[in-house]
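First subunit A sits with subunit B, and in the next complex the same chain sits with subunit C.
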Partner chain A sequence: MTAGTPAGGQESTAGEEAAEPDTHGHLMALADKAIGAGEGPRTPAPDPVNPVMIRHWAEAMGDANPRYAGPDAVAPPAMIQVWTMAGPGGRAARASRTPLDDLLGAFDETGYTGVVATNCEHTYHRHLRPGEHLTAGTRMTDIAGPKRTALGEGYFVTWTVTWYSQDEPVAEMLFRLLKFRPRERPAPREPYPLRPAVNRDTAFFWEGARLGELRVQQCAACGLLRHPPGPVCPSCHSTERAYVVARGEGTVYSYVVHHHPPVPGLETPFAVAVVELPEGVRIVGDVVGCPPSEVSVGMPVRVEFREMDDELTLPMWVPGGES
Partner chain B sequence: MSEVVVGSALPTLVIDLTPTFVISTALATRDFTPVHHDTAVARAQGSADIFLNILTTMGLVERYVTDWTGPEAELRGIKVRLGVPAYAGDTLTFSGTVAEASGGEVTVEVTGAVSLGAHATATVRLALPEAA
Partner chain C sequence: MTSLSGRTAVAGIGATEFSKDSGRSELQLAAEAVLAALDDAGLAPSDVDGLVTFTQDANTEIAVARETGIGDLSFFSRVNYGGGAACGTVLHAAMAVATGVADTVVCYRAFNERSGRRFGQPNTGIGGEPSSQGLEMSWHAPYGLLTPAAWVAMFARRYMHRYGATSEDFGRVAVAMRRHASTNPAAWFHGRPITLEEHQASRWIVEPLHLLDCCQESDGGVALVVTSAERARDLRRPPVVVLAAAQGSGAGQMMMTSYYRDDMTGLPEMGVVGRRLWEMSGLGPADVRTAILYDHFTPFVLTQLEELGFCGRGEAPDLVREGGLEIGGRLPVNPHGGQLGEAYIHGMNGIAEAVRQLRGTAANQLDDVENVLVTAGTGVPTSGLVLSRDR
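Let's look at the complex of A and B:
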């Protein structure tokens, strides 16, 4: 769980940028340096513990605890970090860079740009009273990684802050965050320009295509298969609908070869066939996998599902059955 | 407060996370990070809205437990495991159970839940002077 690789001999050179292990070694060397540095310089709180900030805090939190008001007020223990928060200038306003700052900067430079805090643990030794001047010292304590997380691959970095009143430690905070490489999402594909009309009657067919199923509508009352899908059974006039999954094989019942005009998303010439399924319905689809000139009536074909874009899958037909 | 019995539940506390609440607590904890007060910046970073800062989460866990114990409790520590963000417009509901109680030392397990799931899962240790 601690930084694994000693710093010695791990200085990576700029020429080796492609190698991942060097990034790991570089980060671990910086982590070892930060852990080895121990507690950093103590940062003084801008203001002593005071009743004005306590009241402001309690009001905002909606905390009516009477101990935080009146002449004998104490500071809310959970307020400990507030006393040493940097102002709107943030961390940039701080005097000097620490080895921990160097490590966190190196994460950003090597692509671990994501950050999410995972743990915050306070320990309180006693109550603080108005007038106490606090300082805070930070030391890095642990690094763990690389780990695969839901957010992406990353490292857990842990440090501890100790608050002092004079030289007396009055509270500690363990803080752990995950520095991660945000998951790269593949760029969405260009949408295919030809889209089927999907409605309540036909949605099951297109959902099936996405799942690799050639679905044929079936009357739930009399069992008749029908294609294309429609709202009413032409035989018994029932509107109860179901479907079956076809085997995905058939023969070319008829076809055309389209030469002109051009069709967006398709290269001419292309063949479109009426395919007769052994289940007893005919279905229209492109014949691919052979030149259009080789398509013939009676030719055995089987279905192949082609992803046209991120959302649309079309069933198409290729030569060959009984495979 | 009533007798502290292991397994007994604390009354729930529901906090309406209005933008005013998120912003005023961020500023009362001197946290000026824009994601806690600037909606446009928060959204540009992929967040649904501005969200509660950690210093406030710690403060609310403390408030939740001391609302129940009363002011005599001495807090020893609060351990929080942080979960999903608590966005403005959501509701934060605290629930808790007494996990341990012996010799006045009490451990309470607390969950702060929002619509997305657990925002904070906490263990709070405290001492109750007059408890047996």
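Let's look at the complex of A and C:
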């Protein structure tokens, strides 16, 4: 590794992998079983439809509809899930696992640990009144996959929940979710530890470096070129600033080879030079692309932009350019 | 306008031992040095009404006053730019005394620079703040150019290119300093001289600087008592008169990376100081018996000799080749061994050595010392003194 190369920062090349055939088959078999099982056991709501929960829900949702208050209150249809919703331990606490539970468990075991709800559609047949005892039954209806998504590869699983009062269906919900393998993102590059302070007087230089431009401040009034830049032209005192993009060639005016002590983010030995530009200013930068022992005063160099991390690009110098 | 020349004097000097691990806080070192300097002068803490230190010093004036029992202060001041502050502290003190702002001012510098924060280690946060200095550092620090040795090495390379100076020429400075330190019992390198071969064989720090081109790192403290020359004559020690004192920065100056302004082979800020010192003192290079030149890195000793007029541009390598800097040479430099040999107390120990040479109490005492030139940190905005025997 040569000077100026970040110590870390190799990009990960790990891409997406398609589901292994046996995993896919295993999941599809479980899905077929879950779909074939039809509607599962009906789970009873722990409490009948009641005015306390209706009032609390309407308050929490900010729903002031008068139909949900008073002695003749009905339940807001949208709270249908509330009557049978289990707590965090609810699924495990249930007496027996359903084929759908087995399928969802298998997704987790095979790496499809991500989950995101994609559809939730309610159908209400009538209003519910306090005192009604509800049950809910779940029926898996569809599976689609594997699909490539922005989140990662996964399966869309659809099921329907039907709520009953006695044996009368009173509401349904179509629910679809995506179980996915979280995309393995390339590890973010280690931030380069030697960061410049940047303010409004100097930002143009660093922005230019990111764009591959070696920018030299120029006074917009008198044309003076100046590096390092500053807010006021020392010659005419104008604060109107512009810049020129330097050709990117220069000669080594002086240089050092750093051996000790270790410098975070760089590997020793490395060469740093004062480079004189034909535009008439000097600039400091590392000389890379040749062993430090080959750097000399008067050596022609040309600029090369090095991305040090996701944010910082440094103009550095390599042998070459016009003599 | 009245001149500052001759109006004030250094009446006392004090120091802790110089070590690599003082085993005590920087504030304690400062207090010990201040009390030692007052004792040397024959003054009590209650006589002090002013304190001056470096901007970089971690011990506030009021903390030092509290620890030492110094009461009310009517003057306190700090001098910026690292070791460039050293002689500047005496200038500030002398101005305060000469104008009646204070009667007795103590200048101090104390740190655990070896066992605590080491200046030679990379400070990756150095460019982190968008202050003017942080922005200035930001043109260099991202490239790993962030140690004092590296900053100085950039000048040294250009000097070698321009004048044909060699690493051996730098090495001869180190050899001379270590020779002087070897017979100074207060020096860390007492009894440990080096040869030019050892210098050449020492590892690279930042080419073209070898390890032995770089001064040591030290724990310790030094303090100096400044009062009016008139009053100093009534005190315990013979006064050492501040014949001239000056600060200087050059056009286009940066903290230590003034690579953009000229041909990088001089130290224009030291030129400013030198011209002021010669003008104020009425003396010239031939009138000083010895020079205490700031020697954190050997190459800038050569540059200073040229800036101060002890030789022409590019002639310093010849001066060192003939042994001119050694005791017995044309211009003995740093008879105490300098910071390369005695200790790195940011230049303050050099001022104390000048005082000893003028009192006649130095370990490596030169004869007929009437005037001594002292400089402060190089590559930074700096300062200097001409100290003289009372006459």
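Please note the rule applied: the second predicted complex is superposed on the first by the 227 of 323 C-alpha atoms of A that agree within 3 Å, B and C clash if a C-alpha of one lies under 4 Å from a C-alpha of the other, contacts with A are read in each partner's own complex, and residues count from 1 in each chain.
To be clear about the criterion, a contact is a pair of C-beta atoms (placed from the backbone, for glycine too) under 8 Å apart; a residue touches a chain by one contact, two chains touch by 3 or more.
Small disclaimer: the values here were computed from a predicted structure and weren't measured.
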Which partner does A:Arg181 contact after superposing on A: first (subunit B), second (subunit C), both, neither?
-> neither
Check whether A:Arg67 is in contact with subunit B, with subunit C, with both or with neither, and answer first, second, both or neither.
-> first
Just subunit B (first), just subunit C (second), both, or neither: which does A:His227 touch?
-> second
What is the contact status of A:Leu194 with respect to subunit B (first) and subunit C (second): first, second, both, or neither?
-> second
Compare subunit B and subunit C by how many residues of subunit A each one touches, and report the one with more.
-> C
Examine A:His122 and indicate which partner it touches, taking first as subunit B and second as subunit C; both and neither are also allowed.
-> first
Touching A:Arg42 in the superposition: subunit B (first), subunit C (second), both, neither?
-> neither
Flag every residue of subunit B that touches subunit A in the complex, lowest number first.
-> 15, 21, 24-25, 27-33, 54-63, 66-67, 71, 74-82
Can you list the residues on subunit A that touch subunit B in the complex?
-> 53, 56-57, 59-67, 76-79, 81-82, 85-88, 90, 116-124, 127
As the complex stands, subunit A meets subunit C at residues 3-4, 192-199, 201-202, 227-228, 253-266, 269-270, 272, 274, 281-286, 292, 297, 308, 312, 314, 316
Listed in rising order, the residues of subunit C that touch subunit A in the complex are 120-122, 124, 127-131, 134-147, 150, 153-155, 157-158, 161, 203-208, 211, 257, 259-260, 264
